[in-house]
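Next up: the structures, one after another.
Shared between the two complexes below is chain A, which pairs with chain B and chain C, respectively.
What follows is the complex of A and B.
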């Protein structure tokens, strides 16, 4: 009954898609209009927190190696931290805007976790490519939420952050357990399937 | 001709209220488009890779292949955003415009 890894990647891709469309809309209308409805203010931080909670079963069930478990648990913790901090900011329990930096931290740690737990080269298989690309997109994209902490009304920074999440979503949706990447696949990767 | 110059100047530069209204209108259009564009992306993907839609050929498929069909998930996100998030957001944009008057 345990799903193959690709299904888990697709479900998290959907989570990132939810985050991406919400943050895109927020960047278009601005944080004041977005926050006029309290449930909407909780929407993407809540989704981020739930994604963090859902990473724990991934950590428990997908025990390919110790580094996988460490990477998945680090991922779960930073997603819950940033989601929780954003929820508390929306609720008014936290007041310092510097708590927004936890989202940047989550992207940097998640990117590092993605890079560290991928032991194969870029062109070993589609899965290896996705993890390398996603890691670097997360680390580079962390600049947007970090800068947005200091300029929360900037459309460019908000849209950049949303675009980062949408790119991560596309990468996760393109994940396959064993598939070619640009015509390459290692002979020891297994039998490819579409 | 100072009066004429002033009237030309007023016509060339829209009033701040008009500018704000125009900006809000563009924002409302973009927000309204996000849901349908997401649905369109999902439909496009479904046509490009129909074998990802296992409900079209369910025989012999396992639980996860039937439960997780990525193009349908993309369409679902677009539908939910378009139905539940975008309308309220456009209403709040209009309310903000009213407040600014």
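What follows is the complex of A and C.
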């Protein structure tokens, strides 16, 4: 059994949407108010960890190319690492604030994997555009969680991190393999499906 | 509705807006992967999920001697399938090697097998596929070492320490965690290396090679799938045990890890070669599980207990000594049985490569047994009566020495597993 890949993209888009909304809410109300209910402290780290676990079946099921398999395993591992580290920080099992840097690391690795596994130019098709855009958004957006490690109460950095995740979510929702991008599609990309 | 339930409902709704198309992939090959046909098919047809570009040599069908039996390939009218007419194929096994340019511009390659009147071999034994290399021996060794850290670490914590003492918690969980991560990583590397051996593609083409026939059509692929997903679950259980200080979660992790070790037994010589049976599979699993518990346990004793918990040394050593006696008995019993099955004639030991490697393994096992016997019959009674000064430090070094021999045994075992038994 292999689910449609687009379906999988949308599932993870929903995951990033949840992460982005949670982080935006935390930035708006502040960490003190956000942390009044204990389950909220575990919410987005837990979601990130679960997304990492859920990425493994994707890696195993989509073996139609080596590069996709490797890229998906990289995403699975960094999501589990960063989600796990944030959960452990929330729980008090880890104490060093530098563990927050794993989130920035996850974005950099994920962005690099997205760029490396896409071999076509930006305007080849919408899938190519989304992979390039997502890769650079992740790499550029990594600055927010990295800087937030040193200024954890900054609204701008928290909101910037949330916005990064929301943009990733929108990009994943708009992912189509063979579809136009800004009215353009490569003649060798095949007939658009949508 | 409560907030978490509302959040879940919204997330579910956003995730289910229907399905669309995906990355280019081979949807339907004809003949199918490892299909056994009664008579010669007229052509090989590969149907893809989107338009592709084909070349005259996009499909090449070879017999077991490497003779090409297909004519030039061409696209069908809808440009989503490639067809290569075949000459009349006699009874035998055939290899299909294909490559196309997918609609998104990526070159995609693959390989699979089918049989006419005979069972098709797995893709790893297709024409042109190479056997395991030296690098794969090292990767297999790394896999055994990683598994031993997971299984041995969990086994030592639960069966010897009967919990996770606070002074050992950090290092013990680090060792087990390292073992799990390495098991996953080395498993992926090993699978790709085996696929490379079957596909015989340069690195760049290998990146876009279709691994589906190997992932879904071979014992290796099934074991890789089950073991990868299984060890992800093991990682979650161990992580939660550490996060919430719930040692009880380590029990399912240990049982699952031991069960997953059977993936190697069910995909190796003891399951696939002539003379294999449920008994050889079971014996191989017992042999492997006992080895993993023994080697990993030794490593934990030498690297965790000895340097970090002086007060636990005596108890841990005595308990592990008792457990090791059982493990060695199981290891030897299963190992001797498997040797008799695989090498029915005594002279196979020095006339075949498999026998020679087995002899080296037996030699190393003998050294380890002597070392273990010294610990059991000399060190153990001394420790049981009292703790004389000077002994613990020397015993710690001695345990490291025994661990090194055990790791060398795993290296030879890796070479043995990758060698073809005679017959």
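Quick note on the criterion: the second predicted complex is superposed on the first by the 193 of 194 C-alpha atoms of A that agree within 3 Å, B and C clash if a C-alpha of one lies under 4 Å from a C-alpha of the other, contacts with A are read in each partner's own complex, and residues count from 1 in each chain.
Simple rule for what comes next: a residue touches a chain if its C-beta (ideal position, glycine included) is under 8 Å from a C-beta of that chain, and two chains touch if they have at least 3 such contacts.
From a predicted model like this one, the values you see are computed outputs, not experimental measurements.
Asks: With both complexes superposed on chain A, which partner does A:53 reach: first (chain B), second (chain C), both or neither?
Replies: The answer is second: A:53 touches chain C but not chain B.
Asks: Using the superposition on chain A described above, determine whether A:106 touches chain B (first), chain C (second), both, or neither.
Replies: A:106: touches no partner chain.
Asks: Going by the contact rule set out at the top, does A:127 touch chain B (first), chain C (second), both, or neither?
Replies: The answer is second: A:127 touches chain C but not chain B.
Asks: Quick check on the superposed pair: does A:146 touch chain B, chain C, both, or neither? Answer first, second, both or neither.
Replies: The answer is neither, since A:146 touches no partner chain.
Asks: Of the partners chain B and chain C, which touch A:62 in the superposed model: first, second, both, neither?
Replies: A:62 contacts chain C only, not chain B.
Asks: Name the contact category of A:14: first (chain B only), second (chain C only), both, or neither.
Replies: The answer is both, since A:14 touches chain B and chain C.
Asks: Touch check for A:88: first (chain B), second (chain C), both, or neither?
Replies: second
Asks: For the overlaid complexes, name the partner, chain B or chain C, with more touching residues on chain A.
Replies: C
Asks: Can you give me the overlap between the chain B contact set and the chain C contact set on chain A?
Replies: Dual-contact residues (chain A): 3-4, 7, 10-11, 13-14, 17-18, 194.
Asks: Of all residues in chain B, which touch chain A in the complex?
Replies: By the definition above, chain B touches chain A via 27, 30-31, 34-35, 38, 49, 51, 63-64, 68, 70, 73-74, 76-78, 81, 85-86, 88-89, 92-93, 95-96.
Asks: Which residues of chain C touch chain A in the complex?
Replies: Those in contact with chain A are residues 4, 7, 11, 14-26, 50-51, 53, 79, 101, 103-106, 108, 181, 184, 188, 192, 195, 206-212, 214-216, 225, 228-229, 232, 235-236, 239, 242-244.
Asks: Enumerate the contact residues on chain A facing chain B in the complex.
Replies: 1, 3-4, 7, 10-11, 13-14, 17-18, 21-22, 24-25, 28-29, 32-34, 36-37, 40, 43, 173, 194
Asks: Inside the complex, what are the residues of chain A that reach chain C?
Replies: 3-7, 10-11, 13-15, 17-18, 39, 53, 56-57, 59-60, 62-70, 73, 76-77, 80, 84, 87-88, 91, 93, 119-120, 124-125, 127-128, 176-178, 186, 188-191, 193-194
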